[in-house]
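Chain nomenclature is as follows: A, B, C, D, E and F, assigned in order of appearance, with residue numbering initiated at 1 for each chain independently.
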Amino acid sequence: MISAFLLVLRRELTVAVRRWSDLVMPLMFFIIVCTLFPLAVGQDIEMLNNIGPGAIWVAALLATLLSLNSLFRDDFEDGTLEQLALDKEPLSFMLLAKTIAHWLVTELPLVVLSPVLVLAFGMPVDAIPGLVLTLLAGTPALSLIGSVGAALTAGLRQASGLLALLLLPLTVPVLIFGARAADLAASGQSIAGPLYLLGGISVLALTLAPFATAAAVRVSLD
Amino acid sequence: MIPEFGHIALVIALCIAVLQSVLPLAGAQQGNVAWIATTRPLAHAQFFFLVISFGCLIVAFLQNDFSVKYVAMNSNTALPTMFKVAAVWGAHEGSLLLWSVTLGLWTSAVAAFSKTLPNAVVARVLAVMGMIAVGFMLFILLTSNPFDRLFPAPLNGGDLNPLLQDPALIIHPPMLYMGYVGFSVAFGFAIAAMLAGNLDQQWARWTRPWTTTAWLFLTMGIALGSWWAYYELGWGGWWFWDPVENAAFMPWLVGTGLMHSLAVTEKRGLFKSWTLLMAIAAFSLSLLGTFIVRSGVLVSVHAFASDPARGLFILIFLGIVIGASLTLYAYRASSLETRVGFAPFSRETFILLNSILLVIAAGVVLLGTLGPLVFGAFDLGSVSVGPQYFELVFLFPMLPLVLAVGVGMHTAWRSANPRELFRRLKWPALGALVAGVLIPWLVFGSVSLLTAVGVTIGLWTVIASLIDPAKKVVGKGPRITRGMVAMQLAHLGLGLTVLGITVTSAYTVVTDESMRPGDTREIGGYTFRFDETLPITGPNYEGIQGVFTVSRNDTELTQLKPEKRVYRVQTNPMTEAGIQGGLGRDLFIALGEQLGRGAWSVRIQYKPLIRFIWLGCIVMVIGGLVAISDPRYRQRVTAKAAADGATATA
Amino acid sequence: MTPRRQRMLAVAIVFVGVSIAATLVLRALDMNTMYFFGPEEIVKGEAPVDKAFRLGGLVVDGSFHREPGSLEAIFMVTDNVEIVTVSYTGVLPDLFTEGQGMVATGMLRADGVFVADEVLAKHDENYMSPEVAKMLEEKGHPANAMDTLVEDPT
Amino acid sequence: MWTWFHKLASPPHFYRTATVLEPWLFWPALILLGIGLYGGLIVAPADYMQGDGYRIIYVHVPSSYLSMFSYVTMAVASAIGLIWRMKLAFCVAVACAPIGAAFTFLSLVTGAIWGQPMWGTWWVWDPRLTSQLILFFLYLGYMFLRQALAETRQADRASGVLAVVGVVNIPIIHFSVEWWNSLHQPASLSKLEAPSIAADMLWPLLVMILAYQLLMLALLMTGIRAQVLEREKNARWVGELIGREGRGA
Amino acid sequence: MAGKLKFLIPVAVFAGMVAIFYQGLYKDPTLVSSPFIDKAAPAFDLPTLYDDQRRMTEREFRGKISLFNVWASWCPGCAREHDMLLTIAHTTDVPIYGLNWKDERQAALKWLLERGNPYEVNAVDRDNITGIDWGVYGAPETFLIDADGIIRYKHIGPLTPEIWAAEFLPRITSARAMLAGAGS
Amino acid sequence: MDTASYRLEWRELALWRGDRCLQQSLTGRLEAGQALTVRGPNGCGKTTLLRTLCGLSQPETGEILWQGVAVHRNRPDFYAHLAYAGHTNGLKGDLSTRENLRFAAILRGRHTNQNELLHGLRLTACADLPTRNLSAGQKRRAALARVLGSGAQLWVLDEPFTNLDAAGIEWLGKRFNHHLSLGGLLMIAAHQASQVEPDRETILELPGGDT
């Protein structure tokens, strides 16, 4: 089971590396959204500080939505998804591997990029570790919850609006706590509270989402 | 002889432009009044010679002078006169000349209508525009001269691309160029202000009407382009997200943001650096757009590489203009901000949000347009950027944007009271929501998520634009200034366009049918009867016309006559759709190919509310017209206003 | 692996995962995740300065006063441990009265006065007729229940 | 016991049962609604603090409760449908969605109307209100997902998965007031000990809750019947049913 | 400090764009097609121009050295190279296969009728499906395919006698030599 | 391998697609060493039947048993013995044929000799190309290679002969017979003749259209 998990993970990463150009779009979107705010607001550091955490998190969520659209679509169309569903290893585990790969190739770059944005938003340098931590704790939940929605809409042609509607209610708590934690980090306060909460949501999603995703994939394949 | 004449006129115009870009600027920097005084005459002279040059090219076309290579490639004796004129800007060289002429026109207009401005300011602005003119004319003369001769001269020419043989296209590029080039005025003002190191509210006041004028030309140009695509491309689409359309759309988005941001800078002295950046960006995107559209340089990689001289020139030109202005911006921007506070809930915030969202939208469109090119150039494999990408990514900024428009226009400057706002807007908002769900459902029988959202925000914008006028009619509304009317009209237009787009995308009925004369089909409640086919002969084409009778409830409504044309010289088959338009819906028939035994493949479409898309644009343009007709902008700067400006910046 | 063992494993994973998640969430709930502070925390210096947060508590009886002709209202808020002075300029909600709960959003000034941008009345879950309330009050029971507003000090 | 269960789960049988039940739910609901409204608006005294404004609880509380009740019903029915592949369970779930969405909407709107005089704002982003809004979007998502999927069977299962996933929101809504110190007051009725509401105000509330519950069940029956007919439209018993009614008319 | 640096972002972004364009400027257009050179011809299965019941696939290319020319009746470049194609068809034994790309059938037939037909068979790719697989940027493009169905060269733009002599002939000769060598 | 006991049974299957009933009640069984060829007009539910038997689609009613145990009660065991190739090829376009096959093999816990298979299917030349660039026939053969190399007892193949040339069809037929002779089970949906020795083959002719 573990080896199947690692195998799927490796294959996903290989494919992602070979199609890395597809990964650029969400990342660029994230960068565009995040750099325009500081440019527009100008010198009003206080205002920038206030909107910074929220803007970064909303941008991260939207970038995730952009990339989620194709999480299962390609596999659905080329039939590899149905091969996974016919394997003796549990489907949920292998889909979890896919989701983790998604996190590694789309969310992790956002996290890595975020320190630069902290500076662009004029937040203090001390806020960097805090922001990175909240993103690290919260983005897995985005990927995992997103995988459920992506699996439900894998077989649909024009699903992007629907996907957004399905995912927004489920991801809003992550967004709220994430932005709040980032905000706390920016003002130099303890972020432990929201961080625990984000971690809790992520762990819960890690535990339950793969099963839901597997069920949704089986439905989509039917 | 005439072409040579035009060539020489162009060279003279170039020389004048060089003078225009040097003398006034030097004069303004050093305070030399005599040099400054040359500004206006030089501007008019440059325009004059450009007009002569352009006129010569038109004459060459009208006289069928096929010894001119450009004429030979793009015209034909059989071409109707109207299209001969249009053919002047139908391809790369001529369109660049048109661009220069348009720039000359704007330059001349600034010179003529800037009597109220300080001379030094005008000198700087026109010098900057002169520099751009120098670049363009050099480009034309060095790499794409439309007056080049061809030897031996062919007896007949190549013909204008039949896709371009449409009345809409005669007017479309000039409109678009008026818009593109018009942003050069805002750009000129921005650079001039940064050079002078003085950017006050007066600056925004001077720039605003020019920007609005450019914007409304661009709006018309885009609307016409989309209209043309709908009529001429033959399959009823009206927006394709192709690079050419995006090229016009990106400056429009940023220009719209610029208009709004300028309003804040004028009224409140805020967002100066952001406004500057948008002024630079709007014009930069216009430049980029010009090259994408006409030269084909950025569309496909091999056009770029097939003539590296052209490509290199463009690149250097773009590099100098945009690079220098952005560097200047980076150097100056940080010193421009004023610390005037505004509340988080105020019109300033909404406009800031609006311009950010518009620039984000332009950014993602730019990404989608250039992305494939970049990946192609670096050999990185393919990126899948299709309409799907644009539709999804474009929605992210646009949904909140349109939603915020209705609220924003009722929000007060400086600080608004949300409670008061809620009291005023709750019923309109609720009404829009209920209607947005119910109307599609009742009228069309089904409603999907995006339709409900789209109709709701469309209606919401329409209603929000009409609240104040409606109250005024009842007799208890606030005083409505001309500026407010302009704003309400423009936003009303936006709402109508959103409505049109949503309903058309959701409820269009399209069927491809195989029909023989005598067959009938029922689509969208209308009965289409295929009566007969007739041969037709046009001035430079031949073809077949299908005759369809449309009836509803056994009442004959109209006859539609779609055509299939073959143009004699270029031998392209062209589809001319038969369209019966109405405010509520369009009926659209296009003839496909012959299937044998008298049968034709026929595409029949029922497109509800499609006219709203362009109706909305027209209303927006009217709004723009009202805005620039505001007499405020033509008043001499009074001592008091100047003093106000000074205190606001202090 | 047999399906039975697989199911057992799944159950075990879910159990462990949910437990960890629950632990984390419970720890989070122990902390202040809502930007909501009571007077005691403010006095102790736990609340941030120059940062908007929310203050909750009961309006101290008799503390409310408004300068004549001015919109600025000054009142005190307590959690029965400490007292904080609040200043607010604007219209107060209908149900804002002394002795009742309220939630204010604003910033703490250096001098310890909380400057509110927004004041909301917070109602408790008790409903009774005026007569009953009066009767209760006469008997010495305060009509409003403190515990709903004030965080448990433990 | 099981035979009874299986019999009930057969569409025609359930259809008949629902047809019989419906008036028995609907009319009592209306009567109770009348009594409750009379009790709440006329008999009950004004609140010592809020005056007459508090009376909106007679709409707000029952609809909030039913918004959650409908969701749980929907999720449980979906789970049953997914696990035991019971078509009827999906009918129940599908019928729940619009009812629940309507109650959620009502709860949000009445909450806003109430919040305005009571707190001084119509909306705050506090956990209770936010999670209620999320619940509304979950209902919408459920319905739009169904609409997007053309095949009924697939739509059943896919939307079922979504309903089950979304059920995590329910405890959050319920406990949010106790977990986070927020603006929303705790429930007046949830405590097992004495309710913190005066008796003469309480009884109309209880009557209203019962009335809403019955109304919801009546609407549910109608919804299920429509679903059953829609799905079994080609079945013989439906044909007979329609034929009979057609002759009757 | 960071506050001022951020105004450099636009310049930096623009500088990046210029660098990319500059890269593209001096790129040999044939290099663009490098992913396909020396690879098996991408598969396709398309109806033919004269008979849409008949299908043409990439297997046609097997066993001989052939040209695969992407053209359309709306494309001026194709008109320019048409005579060259006819010359190749008449004077050499290299078969030319056509891909009628994003074109109308009637127009294409008319074109061949009027100008002569240099093609063995034409596959009709009206919707640019095969065109995408083959990495077609625009018409005309010409692929040189060897006997094993491997793409050996790709020329973008109209064929001219110079290009034919400089790029195609040497490759054809060497491919023939290899084929002969393998055969013996 | 221990082959004697393998068998697949299905009872009273009702197949639906959307609101349309494709087949009312199908009952049948497939024993070790036997092949079942499903035929029928378009839209009669051949693919649905295959997908249902694999557990990809759920039957409206009825049950499927592998070795006498209901399939959904013992998915891992059933899937350990099953190899399926449907309309889609199940290949990642960005990976080469070799990589795709290696992935499938390791996932099944096998290390078969790929080269022999690739050679037999004439895929050696393009084995290292991304499958995206392969022809439809080559892709099809690569998908078949996955099944043939899987070591599974039950092969379920939907239209295995499409996009194959005559030689390929014949070669595949040989592999089928070899598989059956080792006691394997084979189920295909096909328009063509199945190339299987007649005494091993059962043909299931599905009635078409509206039932």
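In the analysis below, a residue touches a chain if its C-beta (ideal position, glycine included) is under 8 Å from a C-beta of that chain, and two chains touch if they have at least 3 such contacts.
Owing to the predicted nature of the structure, the values given are computational and were not obtained by experimental measurement.
Between subunit B and subunit E, the least number of touching-chain steps is 1. Minimum number of contact steps separating subunit B from subunit D: 1. Put simply, the chain closest to the centre of the protein, by Cα centroids, is A.
Across E-F and A-C, it is A-C that has more C-beta pairs touching. With centres taken as mean Cα positions, subunit F sits 47 Å from subunit D. Each chain gets a centre from the mean of its Cα atoms; for subunit B and subunit C, those two points are 54 Å apart. Each chain gets a centre from the mean of its Cα atoms; for subunit A and subunit E, those two points are 41 Å apart. Averaged C-alpha coordinates give centres for subunit D and subunit E that are 64 Å from one another.
Touching two or more other chains at once are residues 1, 6, 33 of subunit C. Shared contact sites, meaning residues of subunit A that touch two or more other chains, fall at 18-19, 39, 43, 90, 162, 165, 204, 208, 222. Taken residue by residue, subunit E touches two or more other chains at 3, 7, 10, whereas all remaining positions touch fewer.
Under the touch rule stated earlier, the contacting chain pairs are A-B, A-C, A-D, A-E, A-F, B-D, B-E, C-D, C-F, D-F, E-F. Touching subunit F in their complex are the following residues of subunit A: 3-4, 7-8, 11, 14-15, 18-19, 77-80, 82-83, 85-90, 218, 221-222. For subunit B in complex with subunit E, the residues that touch the partner chain are 158, 273, 277, 280-281, 284, 300-306, 308, 311-312, 315, 318-319, 322-323, 326-327, 329-330, 333-334, 370, 373-374, 376-379, 381, 566, 570-573, 593-594. Within the complex, the subunit C residues that touch subunit F are 1-3, 6.
Every residue of subunit B that touches subunit D in the complex is listed here, in rising order: 419, 422, 448-449. Interface residues of subunit A facing subunit B in the complex, by the touch rule stated above, are 18-22, 24-25, 28-29, 32-33, 36-37, 39-44, 47, 50, 62, 66, 69, 160-162, 165.
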